[in-house]
Amino acid sequence: MHMLLHHASWPEVEAYLERSKGVLIPIGSTEQHGPNGLIGTDAICPEVIARKAAEDTQMLIAPTFNVGIAQHHMGFAGSMTLRPSTMIAAIYDWVASLSRHGFDRIYFFNGHGGNIATIQAAFSEIYADRSLGREGDNRRAVKCRLVNWWDFKPVLDYCKQTYGSAHGSHATPSEVAVTYAAFPHAVKHAVMEPAIAPSGRFTDAEDYRAKFPDGRIGSDPSLARAEDGEKLIALSAKSLAEDFKNFTTS
Amino acid sequence: MHMLLHHASWPEVEAYLERSKGVLIPIGSTEQHGPNGLIGTDAICPEVIARKAAEDTQMLIAPTFNVGIAQHHMGFAGSMTLRPSTMIAAIYDWVASLSRHGFDRIYFFNGHGGNIATIQAAFSEIYADRSLGREGDNRRAVKCRLVNWWDFKPVLDYCKQTYGSAHGSHATPSEVAVTYAAFPHAVKHAVMEPAIAPSGRFTDAEDYRAKFPDGRIGSDPSLARAEDGEKLIALSAKSLAEDFKNFTTS
Amino acid sequence: MHMLLHHASWPEVEAYLERSKGVLIPIGSTEQHGPNGLIGTDAICPEVIARKAAEDTQMLIAPTFNVGIAQHHMGFAGSMTLRPSTMIAAIYDWVASLSRHGFDRIYFFNGHGGNIATIQAAFSEIYADRSLGREGDNRRAVKCRLVNWWDFKPVLDYCKQTYGSAHGSHATPSEVAVTYAAFPHAVKHAVMEPAIAPSGRFTDAEDYRAKFPDGRIGSDPSLARAEDGEKLIALSAKSLAEDFKNFTTS
Amino acid sequence: MHMLLHHASWPEVEAYLERSKGVLIPIGSTEQHGPNGLIGTDAICPEVIARKAAEDTQMLIAPTFNVGIAQHHMGFAGSMTLRPSTMIAAIYDWVASLSRHGFDRIYFFNGHGGNIATIQAAFSEIYADRSLGREGDNRRAVKCRLVNWWDFKPVLDYCKQTYGSAHGSHATPSEVAVTYAAFPHAVKHAVMEPAIAPSGRFTDAEDYRAKFPDGRIGSDPSLARAEDGEKLIALSAKSLAEDFKNFTTS
Amino acid sequence: MHMLLHHASWPEVEAYLERSKGVLIPIGSTEQHGPNGLIGTDAICPEVIARKAAEDTQMLIAPTFNVGIAQHHMGFAGSMTLRPSTMIAAIYDWVASLSRHGFDRIYFFNGHGGNIATIQAAFSEIYADRSLGREGDNRRAVKCRLVNWWDFKPVLDYCKQTYGSAHGSHATPSEVAVTYAAFPHAVKHAVMEPAIAPSGRFTDAEDYRAKFPDGRIGSDPSLARAEDGEKLIALSAKSLAEDFKNFTTS
Amino acid sequence: MHMLLHHASWPEVEAYLERSKGVLIPIGSTEQHGPNGLIGTDAICPEVIARKAAEDTQMLIAPTFNVGIAQHHMGFAGSMTLRPSTMIAAIYDWVASLSRHGFDRIYFFNGHGGNIATIQAAFSEIYADRSLGREGDNRRAVKCRLVNWWDFKPVLDYCKQTYGSAHGSHATPSEVAVTYAAFPHAVKHAVMEPAIAPSGRFTDAEDYRAKFPDGRIGSDPSLARAEDGEKLIALSAKSLAEDFKNFTTS
């Protein structure tokens, strides 16, 4: 049953908890995605895919954690970032809240590679409470899981075959395509120069902008098509539904 | 021009900044709203009203800050809360990010009374950096403003005249009506017992639940109608458009 | 019985706890109060009024929390401020200490409007510990209450009738009068120009000083008279005694 | 010239700053002091002595930092403590505030041995900002100094000769005598059993109470006399005046 | 030139800085490594390999960061952990210290997979300072790099070919072999049951111990031989020397 | 029995815990020690002495806490510092980890005077958890002890008699001698000008460097001889063994 936490009442959540202790948190970022990509791309993708997945599965979807770790994008207007220490504190509170109600399978469905390290660090921060012997508090053990929407093999395969070496690693045609499928009115056009953006490592915002002047890394997002986005949504949603079920019943 | 930060590209934000340094952040909460109210009510209201306001005004809308201070609601399934110290850190980072790009009028459009104190504390935390003489850093002075969607006189008048003494202060028919107008499929029905919920002060979650067993305070949200929600949205949006314009051009 | 915590011995406090679980904390600020106002005004007022109230009531008075949120006053020599995050941590520790001994009614009697938001945020920080299910720790539930010394109707009425539109909101004649009543040797004289100071909003210290060059907001504190201060002390103390009694026996 | 910051106006502080950049902060604790000692002893002593010293010297006295590190006293009713991390943050803010106005000689006049380590740690926290190369901020270099009221040789000599082996290290007759001199109405009487309390090390509150059942360490505070307190105040104040002058003009 | 920071004098470091701005920090963990593995394995490996690498290369080696993220190992005696938030603060300070002297290439040579996320989060915390526009402070831009000692292809190949499917992921024969090569007196013998430990995911310490009762994951560390450790040290050191040189001269 | 935690396996630590609940943490600093002193001096001394002491005594030695409070040395290349707030958090985690396993006598053996205040503050932070009534958590009471390697009377006597007025307080010949005994290859030679360095107080790094241009305070470390270092190690180790035994069996 499709169920957004934000559209549910508390008695409905109470009823859901009788059937499942699992909840999904879409987690993204607010950051530039090149000349034709949406700043909300990394939040939109997991949100849209999760809703699709929830159509046929029992899955409660929490609100989207929508600002993440994007310090390296701060050279581009509109990007927003948390410091990792802030993000850890916030994830800690989100999980503490949900576990208070009995949720013990917290599934973070992520849209931003730059979030991965900090989310994992947050998990360790949460687990450390129990591991250091503070079992005196009544919070029960929770299991957290982090999955990126592109992690599933069918998605990876589709990207490779559709975009090949033009996929890159930031402002990729696949993620842009997903947002175009979700928000057709927001489709943008831009000439990419060069067609495929440069690749490489980066440190802070200044360094990033110097190396990737239009924001893309290794990608040609002018290849993004809404119809491919639809397929990516469907592929990722199908895998997600299965993975979420496995996780919450394990 | 209607403009969601999440649907914009960075060059579009750059262009917007040539015309305006103002940005609006809808800020809400994820918390129970009684037997027939949505858990996302406090996030949905400012978000929906801001989008309405942005139809005719130049207004950039940031993503919604969607989990706030709801410790007192934790006795009801689905409620989520930040600790105030976490929320201050997060707001600090959001504002630091936006000011980095040149935004210097940050308008927090709020949907939850319980957030007010902490948002104001966050503003002081932000201002204190400059006030304590740390002008060495390059961040410019920002002005933050906090307005609740129900603060405008036309909204207050409408509520008083429509709901009278059944309006109450939590899970009010007005806020529920706004969410029903926004999401008709999420309309819920519940018998309220008593018709008007009790009122009073509260401290922590246990205390709250003991005093307000179904979550409402002083209200009868069974009076919520989508058509009234439409009117409330229109009234609040009109005032907001004007207030935002005044703020960003002052 | 008049009882200052600082003048009591621990056996005396132990005996007091047999009779009452309530304690009052005067909470103020150290900040400029215009050309003829004392920098300690906001700490002195609640302290003096509380001592008066305690003459006929059972009331234990803790030491004064004497530096608060005054970042906006930092443009004037002698002002001191905490960052809100620091103040929350400190209030948290004060309450944790008192609740350790069995105090469960903590009454914050406040002298500074700028403190209100942060004190309320601190209360939420304290309550959140329990609300998030950390009942494992042995600290009992506490109830905190925040009242400003001018909140009582008789005080408000007296101010309105005595000062009318010259009362203003910072460096008011009423608060200055209270300090003059308490410390006659500290009475100061200054010509106010203009007679009534400007009013308006403000952000950081630079902004504040630009708008309110001598520190006052909307007031004419040259109207302050020690004899009016005496009356204000008496009025506020009478209401406080009653309110404190109600709170601690509820 | 005697000058309490709390009794001054901002123009008076501005004028003071023309003559001196030095300010004194009495710093104490709120903690049990045995059967006949005042809970506020450690705050009262430095406050009273500083005011005495300020009678003949140019010395601005800030409000008293009145809750310190007293975790080990929490087994006795009325004791209050900060965690050291909180105290460091608070001292950091106090010094940042004062240095903002141009004070660059901050003299902490201390009444509690248990505060010493944390105050020194706070100094390092403050200095570290500059030492780590954050000179970009406009805050100037400050020098902080920590002196206990009993550190001066004449005071030490007087204690040794007056109390000998009954002086001890907590709830000493000397500190109790100072409070009796300051607040004659608060003099208390109690039979000490044994006459001289046991001595030794301690860790947390439970350990402390087990070893020192009435709160004293190594002392017989029944020897406290107000007239000796007067002498101690005079002796310490004289040394303080000189030391403060040396510090602020160095 | 082989150079340990701990064995150098400050004039020697000053001279080194004329030639290079690069410094290496061995970073490990203090945690159980199965029945025959050393608790210090993850600190010892990068330390030993770095010293080997430094024999022929210009490389300054900082002290070892020796307690990391090991909350999941807390079910086994002797394991120690930082919370991630603490580790981020500590790494922040280490890098701030080194960059103060002009080091701008900070190479973290890591021995513990569980550290990776938190180290990367720490890098983002450091970069965020600059990216959020705090360039006012004088700290220069630094580049941080994280490499695990087993990341180099020759090492991976050697492990695969020597241990095959008995390598596993915790308490691996390769890391145990390195410590045996370094500290022959510490070689231990234990019967492994089963020969190859189980594999799988884990959350907190209780969960970990339940799944991996003797501490190993997927490995048979009874295969560890000091002579293989020598080879692993040589292989990793060779690659490290090259990689460090590339990094510090880029 | 000599036992380094880093060289032990978890079953060995488990066995140790059957016999003793005591553990020793060498704690030092990474900071300049004048023209001929090692930057690692303050970490090396307690580490070397502890290992010596452990030869004949039952003593488990944890890894060395090797970066401490050295903000004042940051004007000299190679020095590293934590902020005190960071160090408190780290010590808190180290002790929480060890107490999790049943260690309840934690002996900090210190090599740096500048660490003392912050270590003591950390102890109070740890004890405060219990003292504020958080006994709900399962962590048991721990006793922490701080001893400097030079605190023992035989060591003090030896220093006085060997170096007299040339001992000083930073970069002393005694500590340099200990490092020379431990690492003969690291002996350095430098002409001291003046022979005995100046003495005095200091604040931040700039102030320190101005007053002590080559880093020494009051000492002539050219007197350091490896053979004296041997004696110092032996003297301190003997006292340590005894003191550790008393502490862990008390």
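As written, the chains take the letters A, B, C, D, E and F, and residue 1 is the first residue of each chain.
Throughout what follows, a contact is a pair of C-beta atoms (placed from the backbone, for glycine too) under 8 Å apart; a residue touches a chain by one contact, two chains touch by 3 or more.
Predicted model, so just to flag it, every value in this text is computed and none were measured.
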State the smallest step count from chain A to chain E, taking one step as a move to a touching chain. 1
Starting from the defined contact criterion, work out which chains touch chain A and chain B both, please. C, E
Would you mind telling me which chain pair, B-D or D-F, is linked by more contacting C-beta pairs? D-F
Between chain D and chain E the C-alpha superposition rotation, given in steps of 5 degrees, amounts to 120
CA centroids of chain C and chain D: separation to the nearest Å works out as 24
Rounded to a whole Å, what is the gap between the Cα centroids of chain B and chain E? 46
CA centroids of chain A and chain D: separation to the nearest Å works out as 53
Distance between the centres, which are taken as Cα means, of chain C and chain B, whole angstrom: 29
Give me the residue numbers in chain E that touch at least two other chains, ranges are fine. 74, 81, 83, 85, 89, 93, 97, 100, 131-137
Which category does the touching pattern between chains fall into here: line, ring, star, complete, or other? other
All chain pairs satisfying the touch rule are A-B, A-C, A-E, A-F, B-C, B-D, B-E, C-D, C-F, D-E, D-F, E-F
The answer for chain B against chain E in the complex is residues 93, 96-97, 99-100, 134-139
For a test of understanding, state which residues of chain F touch chain D in their complex under the given definition. 69, 71-72, 74-75, 81, 83-85, 88-89, 114, 116-125, 127-128, 130-133, 141-144, 203-207
Interface with chain B, chain E side, in the complex: residues 131-137
Considering the complex alone, what residue numbers of chain E touch chain F? 4-14, 17, 30, 32-40, 43-44, 62-64, 66-67, 74, 76-83, 85-86, 89-90, 92-94, 97-98, 100-102, 183, 186, 188, 190, 215
